[in-house]
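Below you'll find the structure, written out as C-alpha cells, and then a few comments.
For clarity, chains are labelled A, B, C and D in written order, and residue numbers in each chain start from 1.
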Amino acid sequence: MAVNAARTAYQILEGGEVRGAAVFQSFIMALIALNVLSVIVETEEWVRVQYGTYLEWFEVVSLCIFAGEYALRLALYRMRGDRRRFALARFAVSPMMLVDLVVIMPLFLPFLAADTRMVRILRLLRIFAIFKLARLTDSMAEFGDVIRARASDLTLAFFVLFLVLILASSMMYYAERDAQPEVFSSIPASMWWGVVTLTTIGYGDTVPVTPLGRAIGAGVAILGIAVYAIPTGIMATAFNEYRRRGRGGGSCPHCGRSIER
Amino acid sequence: MAVNAARTAYQILEGGEVRGAAVFQSFIMALIALNVLSVIVETEEWVRVQYGTYLEWFEVVSLCIFAGEYALRLALYRMRGDRRRFALARFAVSPMMLVDLVVIMPLFLPFLAADTRMVRILRLLRIFAIFKLARLTDSMAEFGDVIRARASDLTLAFFVLFLVLILASSMMYYAERDAQPEVFSSIPASMWWGVVTLTTIGYGDTVPVTPLGRAIGAGVAILGIAVYAIPTGIMATAFNEYRRRGRGGGSCPHCGRSIER
Amino acid sequence: MAVNAARTAYQILEGGEVRGAAVFQSFIMALIALNVLSVIVETEEWVRVQYGTYLEWFEVVSLCIFAGEYALRLALYRMRGDRRRFALARFAVSPMMLVDLVVIMPLFLPFLAADTRMVRILRLLRIFAIFKLARLTDSMAEFGDVIRARASDLTLAFFVLFLVLILASSMMYYAERDAQPEVFSSIPASMWWGVVTLTTIGYGDTVPVTPLGRAIGAGVAILGIAVYAIPTGIMATAFNEYRRRGRGGGSCPHCGRSIER
Amino acid sequence: MAVNAARTAYQILEGGEVRGAAVFQSFIMALIALNVLSVIVETEEWVRVQYGTYLEWFEVVSLCIFAGEYALRLALYRMRGDRRRFALARFAVSPMMLVDLVVIMPLFLPFLAADTRMVRILRLLRIFAIFKLARLTDSMAEFGDVIRARASDLTLAFFVLFLVLILASSMMYYAERDAQPEVFSSIPASMWWGVVTLTTIGYGDTVPVTPLGRAIGAGVAILGIAVYAIPTGIMATAFNEYRRRGRGGGSCPHCGRSIER
C-alpha cells in the first residue's frame, strides 16, 4: 500500500503516465516562472516599495513547496532503481538535485547570514530555479545531445577564437597604448576591445584611433567574419544531421535495408 | 446572370484566371504601397505642411476603395463554399478580413474619436495595409510553412536565448549596479543591455565598466555567438530540406525505388 | 593577313589561348588596380599635395590605354560572330562596354565640364574600373549564377526585411518621438534606427530611451536574428547545391547512370 | 646505443608512442600557456611592479627550455628521413622551426638591442609561442584542410567584400565629406567606416549624418547582410562535406556500389 503510494508519488514527481502528473508538472513550471519573474521585478525600486511584502511571502511559500519537492525526491530515491552503494549520496550530488538544493538555500538564510548584503545575494539564488525547467523539457536534452556531438569541433572553433583574440588584443595594445593610454592600458584591458570586436558587438567604448590601430582593427574585423562563420557552419551541419537522423535514421520502405542519408 | 457576375467579381477579387484579375490585383498592390509610403512621408514636417491636403484626399479615396473591396468580399462570402453555420461570421473574423477592417478604421474617425491625438494614432492604422500584401503573395505562405515546420526547434532556441538573457542580465546587474547605478538600476533595465549584447547590436549606451562586469560581458558575448548560430543553423537546414523536397526526393541505394525524403 | 591580325588581337583582348593574352590581361588588371588605388589615395590631402602631378599624369596615360582597349573592342565587334542587325549598337550598350565607356569619360572632361566640382565627381568615375575586373574573373560569373538561382527566395527575404523595417520604424517613431523629438523626428528618420538595428550594426547614434521604446527595440532585435538568419540559410543551401552540382552533377563511376545527390 | 637514444628523444619530441612523450608534450603545452599568460599579465602595471622579477626569471628559464627543444630538434634532423640535399637548411626554414626560433629570440636580446623600447618589442615575441601549439593539435591541421579546400570560394567572397568596401567607402566619402570633414576626410579614412559597417560591428565613431549618407549607409548595411551570409554559407557547406566524407561516402542508387563523394 505504502509502496503503491510511493510509486504514484514518484511518477507524479518524474512526470510519468499517472493522473495528476501533468497537473503537478504544470504547477511547478508556473511556480518557477513566477519565482524568476519575482526576482527580476523585485530589483525595480518602486516594485520593492509597493509589493515587497507580498513578494517575500510568495517567496517563502514557493520555496517551502520546492523544499517539499526536494525532500520527497530524496525520500523516494529507491524508486530510481540504483542498486549501487551510496545510491542516496550519488543521487544527492547529481546536477539537478544540486540545483534544487541551491534554489531552496535562501530558506536557511537566518542560519547562514546576518549581513544584509549577503542575504540579498543569497535570495538571488532563486533565479537558478530556471534551471529546474531543464528537467521538464526533454527536447532540450536532445538539443544538448546534438550540440555535444559537435563538442570537439566547437571546442576547436572557440580555441581558434581565443587564439585570434589574444593575438589581436596584443597587437592592438602595442598600436594604441601611446595614443590612448587610459583605454588600452594593458593586454587584458585591450582584450575587452578584442571580444567586443570579434563578436561584432562593437559598443564603441574602446575604439582604435591611430592609422596602425585602425588597420589592425580592420584586419581583425574581417577575420572576425570567418571566426564567426565557423560556429554557425558547425551548427547548421549539426542540425542538418539531427533532422536526418530524426526522420527515421534511414531504412528503405520497399526493401527495408538501411540507407545512409 | 447575377450569379455569373458575382462569380466573376469573386474571381477578380481572389486573383483567379479571369480577365481583369491581374489588373485589379496590381492596382490594389500599388494602392497599398502608395498608402504605406504616404503614412511614412506624412510624418516629415515639411511634407505635411506642403502636401498635407493632397495626402489626406488620397487617404480618403483609397480607404473608400479598400472599404468597397472589404464590403464586396463580405458580400461574396457564399462563393467560398463554406457550408458550415455562421459562415459569414467565421469569414469576418479570419485574420485577413480583420486586417482589412483595421485598415479602413480611420474612415470611421469622426464617430470614434474627438481627441486629435487619438485621431493621429488611428490614422496610423493604415500602415497595416502592408499586411494586405500577404494575400497577394503565395510564395510568402510557402515560406511561412517552411519556418512553421521548424517552429518547435525555433521556439526552443528562443527559449534558450531567453534563459541566457535572464541569467546574463541578472549577473550583470549585480556586477555593475554599484559602479553605474543609473544605467544598471534593475534587472529589467539590465535586460536592455542583455538584448543589445546577445543580438550583437551593441549600441554602446549601456556598457559594463568594472573588471567583473567586463569578464561577465565577454563570456556572454562569446556565448552569444552560439545562441546566434543556432537559429541560423536551423534556418539553413529548413531551406535545405525545402529545396530537396522541391526536387522530388531520392531513391533507395539497394532496390532503387523512390523514397520520399 | 589583316583578318589574322584582327583575330589575334581579338583573342588577346578576350583572353584566348594566344601568346601574349595572359600578359595583356595581367597588365590591364594591374592598371585597373593601380587606378583604383590612385583614386583612393588621391583623396588624402598630403598625397594630393606631394604626388598630385604624377597621379594626374598616370591617370591620363592609363585612361588613354583604356580608351585604346575600348576602341579596339568596338572595332573588332565582328569577331564576336553576332550576325543580327545593329550588332555594333547591341555590343556598345552591353553592360561591360558601358562600364568601359564610363571609366574613360574623364578623358572628355574639358568638353564636358567647366565647373571644378563637376570635374572632381567625373574623375571619380575611374573607380568604376573595378567592375572591369568582372570580365576577367569567370568564377565570379558562376558565383553570380548561384545567387541568381535563389533570386526569388532572396527577394522574398528582403521584402520581409523591408516589411519588418517599416513596421518597426513606425512603432519606434510613435514610442520615442515625444522623448527624443530630434532623433526620431519622422518615420524616415526612424528608419535609420531600424536599418542599423535589424542589420545588428548598432552605431548607437539613435537609441530608444523610453521603456516602451526599449521593449519594442528588444522585440525588433530578437526578430532581427530571424530576419538575419534567413538570407544566411538561403546562401548556405545555395552553396551546398552549387558544390554538389560542381562535383560532377552525379553519374555513378561504376554503372554510369546519373545520380541525384 | 646512441642511435637508440636519439630515436627515443626524437619520438618524445614529436609525440610518438614512447613512454614520456605524453608527459613531455603536456609539459611543453603548459609552459607555452604560462608564457602567453605571463606576456599578457605583465602589461598590467601592478603585476609588473609586484611580480616583475619572478616573471622575468620564469621567462629566462622557459626560453632556455624552448631553446634546448629547438636545438634538439635541429640536432635530430636526420631522424625525419629527408634524404635530399640541404635537409638541415630545409628543415630550419620550415614554418614551425621559424616560429620556434622567433620565440627564443628574446634570449639573444643583449646582443641584438641596446634600446629599451626595442627590448620590449622583442620580449613580446614570446606571445608567438601560441603558434607552437599548432604542432600539438592534429585536429587543427584537419580543420585547416577543410577551410583550404574552399580557399577559392572564400578568396572570391573576400574579393567581393573588398570591392563593395571600396565602392561603399568612396560613395560615403563624397556624401559626407562636406558635413563631417574631420571624420570622412579621405577615402582611406572613410574605409574605416566601411569595414566597421560591413562587418556589422558598428562602433559608432564614424556615422553618416546627412540624408544622402544615411541612404547610402542603409543600402550598404542591407547589402552587408548578403556579404556576411556568403562566408557563413561557404563554411556551413564545408563542414557539411567534411562530416559526410568522415562518414565514408555513399552508394549508387542504380548498381549499389559505393561512390566516393
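Note that a contact is a pair of C-beta atoms (placed from the backbone, for glycine too) under 8 Å apart; a residue touches a chain by one contact, two chains touch by 3 or more.
Keep in mind that this is a model prediction, so the values were computed, not measured.
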item	value
Same-interface partner of B-C, chosen from the options B-D, A-C or A-D, over half of the pairs matching	A-D
Between A-C and B-D, the pair joined by more C-beta contacts	B-D
Classification of the chain C:chain D interface as same or different, half of numbers criterion	different
Most distant chain from chain D, judged by the mean position of its C-alpha atoms	B
Whole-Å gap separating chain C and chain D, where each centre is the average of the chain's CA atoms	30
Distance between the centres, which are taken as Cα means, of chain C and chain A, whole angstrom	43
Shared interface positions of chain C, touching two or more other chains	191, 200-204, 228, 232-234, 236-237, 240
Chain B-facing residues of chain C, complex	152-153, 156, 159-160, 163, 166-167, 170, 173-174, 185-188, 191, 197, 200-204, 207, 214, 217-218, 221-222, 224-226, 228-230, 232-234, 236-237, 240-241, 260
Complex contact set, residues of chain C against chain A	200-204, 232-233, 236
Complex contact set, residues of chain B against chain C	36, 39-41, 43-45, 121, 124, 127, 130, 133, 137, 139-140, 143, 154, 158, 161, 191-192, 195-196, 199-205, 228, 231-232, 234-240, 243, 247, 250-251
